[in-house]
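Heads up, the next two complexes both have chain A, just with different partners, chain B and then chain C.
Moving on to the complex of A and B:
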């Protein structure tokens, strides 16, 4: 695991509760035979990856009194900003300009690091200021030294890169804007129709398959799309006047609604038009309309290029995916990638729609207006090894620092003790019941015993209360541990190990399982059966623990508000209970 | 429409998703805060058109495949995001190992009992092996990423146009819809079949869409935007990448040349990377004419490449940083075309040895064309649209088209493959017919390819046409007023490029074309897929006719909904 051992994950059970709500979700498999309460959580199940979260990632809904994971919250965007220049983008811009920064923020298409605008001219050593530098500018990557020079793009100004970039194609040729393209398309269409007329007049009847209209090679994806789109629009527009009361596209922006409104005023003409049978929409007939006939020459040149220039000119799949147009193949087609905008989002509970977290709207602020963290409502479980075994084996007084326990090499078959600490963030004492399967699920079965599964944890009172009232000081385990660090009293079942103000420790005994089946050892070397390779992370010892809390809490403010408000607040205590699964990653079992 | 209940529901929905109100109490206690509901379903044709103005243009376009989900907005040529389902996307929250340089350099092992690339799939068609909950989890996470990272929407609920493969298990469909309705608050979802959308994105009304996807290749005949026939083969991306891995393993073992070294087993990523970067497909080999019935000169095969071996054999060096030790493999360029050859065309296997689901691509396409009605075939064969992830392999489209062309030249449109003892006579007839056709082509009087009737060797269709002056005039008129002649091209093998199903969906959504299958959120959440009408064509009629404003709208609102081809 990328997280250092030992770690704790908390399970949010939102997917379990959700499956029942949609009635037709009949699974082809029979439902699991056990009752839901008896099912133990399996951290090896691929699904558990989606329900386990570190405690820090979880929120807590105070009204539902449940953990809320990123799955069971509704997110709503508060504002948009560019993570690179921290410029806030208004929502209208998001609609019109898209989800990327429209200023100078670009990421390297090769290595994704942020790019810088540099001058091609060597900076004049005499003048220090930027304004003195002139000449063509380029975007360059400070990490991998890719720059727009590689694709033949230079900029005249060092600001407004996006506008400049949108007008230059790779190689330095200008890209016509959408308007120019539309105009050009219309012009050429007109030419074509004139030509057609001439053809008809001259009665030249040539083979229709010959596409003589391909003038300038292959068009870009974008251009083809706009051609197609324009073609369909014109087709639909020419088809709809006969059908002015079409209920489907009543819309100001569509041409049909214009015609509908016009028809309302000139009803006679519309009647005439209605009688005319609409000609069916035809298909695209030329490149100008978005039709591209497959051209084997393009294939051939691509193969030739790979053959000649090899691996290095091709793009990796991640590089392709980062590009706006993922259909490219060679490195001279790369474009700098504008930085994706980020958002600040508030979160609401999916059930009761209460706000769970809401950041301050200022971009540079990292504070929150509302933040209901699970950290403040759910006891934190943490595990660490009880250092006794190592201490006993190495009683040399010379080593002052105790040997650190190697969580990455748990020894199979040797009972090891761990201390499980529960710390309580609540202001009420809690009664905790822990439950765990006696052997871990999965291929490698380790035995787990919680020596004291039921105990209490003190309230999270003021720190000073604890310090001031010495009488309240809890049982100190220190008396049992001798000066040499050895345990004198030993580990007793049914008793807690240690306790503090708002935390309690109990001992867990774990016997890590064997990576290989034990029977193989007995037969010695004649094991002809090829071992099955372990899957990734299968040697990680993870124990599922079910935690159940009981405590008495003040009735929440809103409930109280609904009931009689005159009642004294102190009497209103309610019994509450909380239960969830956790998974504790103990360590990695060492191969023998 | 349910007026009061539905209305209430929408109000509360609108409030909650929009709400920027910080006061908790307000949200909890007052459901009827004076606010304009965002989504009103009561906008009818009697009302002002402005009523529907706001809601109707808000669409999200999604395309669902077995390995990728593409998402974006209508009117854009490329999707905003393409999300995959690799193991890195399936980690626990807080598990950051994919950014650990040590970890990324290590070669990943396949899990026990998992098929090649199974970890990278969202779903597979065999539902008995599939954990629906896991599919839901994966899809939900991917969609959450799409919404939060790429779409960056304001909290207005948006309709969804979902492009799907036309054959989709209902359970899978229900899972996908459940996620979109439940977690992402889509007010309605329109389903469209991806082959149809591919043909839309090619600018065609009829097409033969060859979708070379991940798990299978589907060949779909589309006629006037309707799917008329479909065939499948497992010769697709999965097999191809498996073959590539096999080849690379073999080459790496030879390259290292150490008998003690363990057998190389390259990971899925490495095979994919090599395939997508330097994989290619040979053009049709000239020598491969074992089964020809007539002299080869009659088949005009496109030949860009010479099969002659180039004197210094071109090689390609591929880095393998994940190998132990890291190495660079130099292999002949020609061998990188072998996986495509064996996986997709299987030239060394006799046709009778293939199972029904593993036909080589050109045979699959040919058989699909063969089983289409004649006039549909004529249109479809000159509108072959090859799409799907694998289709970007350089040379593949050319190869498929030339193989197909050769196949058609060879066999004609004769469903009988072997005439047994009569084959000699049949060959003679064919040859005569071919020559006849050739001659006519040379004369420049080529007509749309007729279906060839095997019983009558020199049918009337093959004889010289009589000139009909009136018909000529009519044709001339049609040429002048009707669609350009390219629109009616048929009878020849011709490939047409498409922008892909996603772009098609984007076009359709931009043009506000309502789909036949439109699922409303409330109805789905009430009844699930079981609420769908059994009749497949429920909404075609209200779509096509406009009986008047009131009726039209009523039909548009759709009391019942259908699953169309997915039913």
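Moving on to the complex of A and C:
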């Protein structure tokens, strides 16, 4: 999900911890685990894609005291519901009917938009009641105007679309039900066996092949599947002898019971016997058993059809994937797609199995029973431009500067100042150490300097403390700015820019790199050239920042309970540390 | 609720802008106001601004001379085009920016099933917008309509609390729940239902009658659900303090998508 500049992503180290264990096996892994401290996080590494998340997607396990990203949690499904009709579907239904809505919810096979049930008959303006509107009904897409008329399907009723649709094939022909199919198969099988007998008598094999051809052409995906599944069922039934432990099989001379007894007594030879035992199952040999023989004539007709009607009748790959039958080729084979169900899920920590988030199970409720957010445990970093020109005109920082600054056109080679704000959600003051590589990784090297990499951020105390204190001393916030409104004094190495109740701001100086290697005449008019050499999004300036926190927190209640020997330990405080990588997307470097 | 804010909004004559025919339908607000003041207060719509409020500080609204900031906290731009004001309800602390078009004149014409026993004329509501909702510049809010028996019928639409509608949207949804963030240039076709905590990406077109379940991220033309919002969506920065005065010193913006928009509403002059 693209986010507007400037954005901040937080890296979850669950991925790193996994790679650290692997390298023992794989010698090709370049970074050995011991120089982990030396390694800087590269946001351009393809792997980083999978560890970077916006803060609101991250959870926090209070027991492991670690960030938990969507990749290091276990999800458990609470319930299933249709996103279109918002009906909950019981899990027993999921097992029997599959993960699609069985009501009237369908998506357009062409554009995925939800479909509406419409009457083909124009409503009679004279009739007053709504029931006057009559069928036939169709499913139609309000967005691309595709409708089931295009595939020749109309419905008699406007409810129970799923049942009706399962009985109508494209073109309006009825689809036989499973039972009818089974009956038909048995009938054909009998016919065939009779024919075979006759063949043996008459020695002519012309008629059966013709017959088979005809059957081939009309076989649908479902029929093929049912044929095949019936065949395999019969095969399994015939291959596996009747249950060796069944009470009916008490005949000691039967081979199955004999082999069972042999297995019981000779454990060494049993394995060999077992391997030899299963006779290979016969594969399907006729269409009635689910065999499809590739027919080159069908391909030829398909090619002829495309020749005649053009590419527009073929399907795109996404349209094909949406369909239940993946072998479709033409748009007249499309079927409306029943809406996929959605789930409500709770999340657990993968390490300690503690519940991290648990929504209320009711579909309509959006509340959570448990929700342990990273937002409440790690500081939020946010970046904002402090462009010197506007800031000098404006005595008060932060009024109009951020709006006029164009993050999509950072100027190469010109030092630009940004304000990095850390806000602390914890109830204890934190000491923060920031670290960043001096130049950004990647093709375009931008220089980054954090002017004040070590500072403190106040505790997230009561809001009113700040409100009261700031009303008493309003100068506090702008203390860095001189009385004449000049802020040059503010940008000073080793000093914070500004601070509030639970936030602190520091200045970052960034010198955006050049989109192409700097030669003496980089400022010439040939600006369009460099983009061709760069890959997509290579001109995005992203800076990795390592954040390390130190703070003293109350020993959590559980830990205290375990080691509670003296009363004096109640107000014991423990030193804690937290460290993680973040990536701040500053903006896009403008082509010169 | 912030006690200071409550106290602030209580003083003076409360008046629910544009809400001439109906009482405010938010229980909290109505209880706040109806205790000591008449719920119906015919406010002059095009009041002149006090000179102080003519000084905009943000370029976003520099061309936007807002109507008199009402005690209900609604901020309605003078340059917005609002028709059928009697049929529009604003919940309070709602921002209608310049060039926004609210089509309140397209109200349900069908006879109300339950007529008022007191004999008072019931004015149908066509658009009702909740609290702390921001409608950005150039957006059009038009109630959905359907042709039935040769006649066009409009249906009342409802927008919840803390909904952000980006610039240049065109919205005909029948219902938008609370904490919904709608990106720029989005088109929402008639009778769409959007549930709580939904993010709609910019340039999305949501087809007719689509239902968007809560917690979805929606994008594309036609729209489809492309993801889920994280658990922390709408939770404001700085944790528990969220929305307080001190957080104003935060980052780029002191409000979060899908969160409480009170700070944003306050920052829009």
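The criterion applied here is as follows: the second predicted complex is superposed on the first by the 466 of 592 C-alpha atoms of A that agree within 3 Å, B and C clash if a C-alpha of one lies under 4 Å from a C-alpha of the other, contacts with A are read in each partner's own complex, and residues count from 1 in each chain.
Rule of thumb we're sticking to: a residue touches a chain if its C-beta (ideal position, glycine included) is under 8 Å from a C-beta of that chain, and two chains touch if they have at least 3 such contacts.
Please read these numbers as outputs of a predicted model, since none were measured by experiment.
In the superposed pair of complexes, A:225 makes contact with chain B only, with no contact to chain C. One of chain B and chain C touches more residues of chain A, and that partner is B. Look at A:357: by the touch rule set out above, it reaches chain C but stays clear of chain B. When both complexes are overlaid on chain A, the residue A:96 reaches neither chain B nor chain C.
Of the two partner chains placed by the overlay, chain B and chain C both lie in contact with A:54. Contacts of A:503 after superposition on the shared chain: chain C is touched, whereas chain B is not.
By the touch criterion stated above, A:283 is placed in contact with chain B alone, chain C being left untouched. Across the superposed pair, chain B and chain C both touch chain A at residues 1-2, 53-54, 56-57.
Residues 4, 57-60, 148-150, 189, 195-197, 201, 205, 207-217, 222-227, 229-235, 237-241, 244-247, 249-252, 256 of chain C are the ones that touch chain A when the two sit in their complex. Against chain B, in their complex, chain A makes its touches with residues 1-3, 9, 15, 18-19, 21-28, 46-47, 49-54, 56-57, 63, 70-71, 74-78, 80, 91, 94, 98-99, 196-197, 200, 203, 207-209, 211, 221-222, 224-226, 228-229, 231-233, 236, 243, 245-254, 257, 279, 281-286, 289-294, 296-297, 299-300, 302-303, 306-308, 310-311, 314-317, 320-321, 324-327, 329, 340-341, 343, 345, 348, 352-355, 358, 369-370, 532-533, 535-536, 558. For chain A in complex with chain C, the residues that touch the partner chain are 1-2, 6, 53-59, 81, 83-86, 111-114, 116, 123, 125, 128, 141-144, 342, 347, 357, 366, 368, 371, 373-376, 380-384, 399-400, 402-404, 421, 423-426, 460, 462-464, 466-467, 470, 477, 498, 500-503, 505.
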